[in-house]
Amino acid sequence: MSTPALELTGLKKSFGKAEIIRGIDLSIGKSERHAIIGPNGAGKSTLFNLITARFPATEGTVKLHGEDLAGLQPFQINRKGLSRSFQITNIFPKMTVFENVRCALLWAQGYKYSFWNLVNKSRRLNEGADAILDQINLLPRRDLPAGMLSYAEQRALEIGITIAGGADVIMLDEPTAGMSHSETDYITDLILKVTEGKTLIMVEHDMGVVFGLADRISVLVYGEIIATNTPELVRADPKVQEAYLGAALEEEH
Amino acid sequence: MELILVNIIDGLVTGLLLFMLSAGLTLIFSMMGVLNFAHASFYMLGAYFAYQISIALGFWMGLLIAPLIVGVLGAGVERYGLRRVHQYGHVPELIFTFGLALLIEELVQFIWGKNQMPYNVPEVLNFTAFSIAGNSIPAFKIFMIFISIGIFIGLLYILTKTRVGMIIQAALSYPRTVEALGHNVPLIFMGVFGVGTALAGVAGVIAGPVLGTFPGMAFVLGSIVFVTIVIGGLGSLWGALVASLLIGWMTTFAKSYNIRMSDILNGIGISTPENLDDNIFRDFWTVTSPQIADILPYILMVLILIFRPAGLFGKRES
Amino acid sequence: MKKLTKLGAVSALSLIIGATSAFAENIKIAFIDPLSGPFASTGTNGLHQFEFAADYLVNQKGGVLGGTNFEVIGFDNKISPKESLIQLQVAIDQGVRYIVQGNSSGVANALTEAVEKHNKRNPDSRVLFLNYAAVDPALTNEKCNFWHFRFDANADLKMDAITDSIVANPDVSKVYLIGQDYSFGKAVAAAANRFLGEKSDTIEIVGDELHPIGKVKDFTPYSRKIVASGANAVITGNWGADMLGLGKSIIENGFEGPIYTYYAAGSGITAAFGESGKGTIRLVGEGKVNPSPSQEVSDYYNAFLAKHPDGNLDQTRIANTIGMLARAIEEAGTADDVVAVASALEGMEYETMFGGKILMRASDHQAIQDLHIFEHTDEDIAFPYDGSTFGVKVINTIEMAGADSPTTCEMKRP
Amino acid sequence: MTDQITTDPSKPAQRMRAGSMSLTVGPWIVAAVALMLMPYIFTSNSALTIMNQMWITVVFALAYNMLLGQGGMLSFGHAVYAGVGGFACMHIMNNSDLFASFPLPVLPIFGGLFGMGLAMIVGAFSTRSAGTVFAMISLGVGELIAACSVIIVAFFGGEEGVSGDRTYAMPFFGNEFLQQIDVYYLTSFWVLLSAILMYLWSRTPVGRMANAVRDNPERAEFLGYSARWVRFYSFVASGFFAGVAGGLFAINYEILTEENLNTASSGVILLVTFLGGVGFFFGPIIGAIVFTLVQTVLSLQTELWAFYAGSLFLATVMFFPGGLAGLMMMHVPVFRLGKMKMLLLPYAKTLIPAAIGILGLCCLVEMTFHYRHAATGDHEMTLFWTTFDSHTLMPWIIAAAITAVGLGIAKMTAPALKEAWDEANTAGGTS
């Protein structure tokens, strides 16, 4: 493996005196599907927010393709090829579904802040947006305001927006949270489809999704990674069993 | 030296008057997230009602009754106007208060006409309390100081020491939780709005005789009240107090001392250009502090917003 | 309220009405001043005085040109130059040939330029601008034109009168100048400096400052400085709420000398000053009412009061404006040819019922007349203001004030 | 106040769909023809003047809506950009050599450039965040510049402002713009051009992202766009078109004064825009036309115009937060369903009595005003071409009766209207 897609070294974050992330070292290779699991309050979302510069880190470095992201703003990180979704649906509710996706394509297609191009006139842009809508099966909903979609559709749109820019590192924050079984299956398939050949990092609660999707899994407990390994080995890891899976499995049986 | 003391007293009067307006506004603001543009209009209504009542029943009844009427009106505006607009979001709410301010001004002109009202200081207080080096301090100003301080202490007591105050403070930050605990949050909102406007009414009652009772009185004070609470930090009673006093003293001292822009610039080593008359910056060079005293708060606000957007005492980034 | 209230007229319709009602039997005079907003009281009062003067002095006496009446139409300019220019256009379209305006020199400046351009570009519908109260000296100096006539004394002439009165007062040795920070306030200060410097070696100017216009909430700091400076007279060009606020504050903080003003009467200010301003507030102006100079004036004033019991006849120049316009139209023999009317106005000498005569100086179209110094008091007041017992009484008169004052006007006649 | 001044997305009462209109040429041709024909319908100079004022307000309101409607930025001091643009144009007008070197129709570009320049300076620090911080900075900067207008006389000309003469420009195909009609066509050309440009702006990448940032600045950041820079570009573009409006003002009135800068003007443009409707591109156009008519024409009819304007405004905010444009667009689905017919009768039954009732109410207001403020002895007043004595009881009874009956019928028939409305908005059904 050459340069990892994403590399975290000694990452720490404190809110006041409470240390939420206590030093994380993690390396995720190119085209790897990596899941981060852990009990509630383990700091999974915080970790995501640190990586994408939504919060500044207290200590440590984040490297994307070997490049240090320190001091960069979220939009600059995005331009370097890292895209993320949010745990709470984060779309543009008053714009149409199509517009949502098209906005996500603009920067990637090099339009920047231009005011001499008309979005309606660009075939590449509109066809690209339609192609993504097709991928996420929202083509029939194309011209509805995004705020009027059902929850599952909004989650699908969220994923669509996240992948639209063509980023090679995709971070999904609990993509299936709050969904029914059939919806979850649908989203899982969707994720598999749209992250083909890309690096995927996801936080997820649903173990079915995690074990179905991930190449490797990291277990985050109280701000520390206690294990990183393939699904089978993580499942077998006694530390993980104790800290996390044990409780969950007991409940299931 | 004596003049400094006199200026301190004068600035205190101005500042405390500003505080009575900004205290209510900052509560309303942090509670509903609304810049209530009509707040100064309630101040004007206070003055006009008090004038009308004082004709029949004297100044003291005016001081007692006028704020009550204003408070009831304010609560009514919240109940039948703002609450309705609230569902549409913040901008419509704000614009509603903006339109309300215009309408109140028109209504006041409709009812009382466009002239200054002869609303005067009551005879009992129309004397010189004491003099400092020939500068007389009218008794009414001392009275204003006592009223405002009394109100501040009362507010502080209610907000921090009583059950109602606790509920209000909680409702400011966590309206849903408080509602879930069985409290009637809309009623609390209405109450706070009513009390806030009543405070503005009190300010109007006691400021009317000194600063004049005329249809433009709300406009003169309108935006400076926002400036005060933004500088102090939204939702902070202490911030409102500190900012009010700061503005009171700042403007008073700026008016009292003729500081020239050229002196300041010379002081920092920039020399006055020779042919000032031909210079395009000539007006800038000849500016004096009394000229710009009343726009200093705006400069301060812009600077604070750039460097400390939460204001002096603000807890959150808005 | 004579202005017809036709609420129902659909707005688009009234655009057409505005265009078609251009013919008229009456001689129409457009009164373009604030009728709504913060300065509406002054404007409305002025409109009442114009309507009354036209009715009493012209129409009830059989009109002009053998029976043609004057009709004063109010146009609300909201004291905005922009609105004034729109209303000017509307007025011209309605067949108005005479524009009267007075509140705000800013509006007057805009109007005089617009009138000049209009008359140049539209020789068929020329109009005259009769300025009854805007006192910026520039209007009859560098900005003068043939179409503008000023019936009020300009700020310099008034300051000439004030300083005459101050120099004659042995009690005054230190003068404090304070005014609003804009062109008029600055012009007053400059004129005061100039005249006092010319007229006296002993009088000292101990303060000269400007404050923001319409923004000061509390004048106390300014009054403190005035008291502390040891001044025994104050001169201010303030008006409206700034006048009242400043005056009350100065008196409240223990100042006892005279305060010389331009605009401290009427519009509620007299009533608001009441007892506190007695003997302190002075103002300069034309037209004697207290004590009444003649039975004619008393009749005139009483007739006005019968119509407007709360009103003030505080601008006697309005009667002069109407009177002089009527005579000029008679002399010209036409009301439509404004060049002829303007030529008749030029150099006109007019005996006013308020005493003395008025000369409309041809060189700059500035009316030269007697100026008085008034005192705010409740003694010997036959005609008080604002429904109070207070009014202004003449204490000093300067005859034909500033008759020899220079002008830089280069009048271009058509 | 939350970071973002827009409406809560989960509340369907207000749907901003400025972006969902497709670009068609039709409306623009209609607008151009209408602009051409207006002077043939309203021929008087005053009508032309009023229309010019309308078009200037249209440009300014559209520019303002680039901020408020499309960018979600609430400004309390936008008049300064128009004003500074206008002042710059006046100074160019007064520089005879420069002014004589280009034709007059070019002048508004300079106004735009100066407005844009100022917007770039202020935007550099004010667009860091939207919401309250932006609003309050705009208020502060607006107040400061307005205050400068009386202090810095060299540029703003003090109280009397700066005036000039438009006819000294290089003749434009022999036209010196002496007459109102010439200026009308110049203004019309610019209003059409500006409106088209502003519409096209909303279809560009940065224009689309302005909507995105308005709705959800954080998400926009994670799509590669800096919310701050998107706001900055919108702000600067808005400043440009505001400056164009200022330049048109300079050409029309040949004078600029302090009132072009002050907070009252800034407030008016906020009212105009909101009255028309911020959610639709054409909303501000309607707002500008209605408000100018109220201000200029209604004020000729009644001194209480501001009172009516205020009431109209407040009613709009309370009952139709989408503004007049929103009210119109509410009918589009009905129209599409072909059920407009179903509404006509219920509308007539409710709205006509309501209108009569409101006019009756206005009569009562006017009569009260007349009773209180008219000259003594002047008992005569005229309303709706009827002259009567306001001090007798009869007119009051009649007006009160009209009001009561009108509003009463409206109240009675309102449920039927609501029913018809719901019916008309349902697809399928009986028709």
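Here the chain labels run A, B, C and D in written order, and each chain numbers its own residues starting at 1.
As a working rule, a residue touches a chain if its C-beta (ideal position, glycine included) is under 8 Å from a C-beta of that chain, and two chains touch if they have at least 3 such contacts.
Quick caveat, the model's predicted, so the values are computed rather than measured.
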Graph separation of chain A and chain D (steps between touching chains):
1
Path length in the contact graph (chain A to chain C, fewest steps):
2
Farthest chain relative to chain C (centres taken as mean CA coordinates):
A
The distance between the C-alpha centres of chain C and chain D, rounded to whole Å, is 35
Could you please state the distance in Å, as a whole number, between where the Cα atoms of chain A are centred and where those of chain B are centred?
49
Note: chain D sits from chain B at a C-alpha centroid distance in Å of 30
Contacts with two or more other chains, residues of chain D listed in rising order:
6, 147, 151, 153, 304, 306, 373
Sequence positions of chain C contacting 2 or more other chains:
40, 181, 212, 215
Classify the inter-chain contact topology: is it line, ring, star, complete, or other?
other
Full enumeration of touching chain pairs:
A-D, B-C, B-D, C-D
Of chain A, residues touching chain D in the complex:
52, 54, 73-75, 78-79, 83-84, 86, 90-96, 99, 102-104, 106-108, 111-120, 143, 145, 147-148, 161, 165
Residues of chain C that touch chain B when the two form their complex
38, 40-41, 44, 181, 209-212, 214-218, 220-222, 224-225, 227-228, 241, 244-245, 248, 252-254, 267-269, 271-272, 274, 386, 388
Under the touch definition given earlier, write down the residues of chain B that touch chain D in their complex.
29, 33-35, 81, 84-85, 87-92, 94-96, 98-100, 102-103, 106-107, 110, 113, 223, 226-227, 230, 234, 280-284, 287, 291-292, 295, 298-299, 301-302, 305-306, 309, 317-318
Show which residues of chain D lie in contact with chain A when the two form their complex.
6, 9-10, 12, 15-17, 19-20, 22-23, 200-201, 203-209, 211-212, 215-216, 218-227, 229-230, 233, 237
Per the contact definition, I'd like the list of chain D residues that touch chain C in the complex.
42-47, 49-50, 53, 147, 150-151, 153, 158-161, 163, 165, 167, 178-180, 249, 253-255, 257-260, 293-306, 359, 362-363, 366, 370, 373-378, 381-385
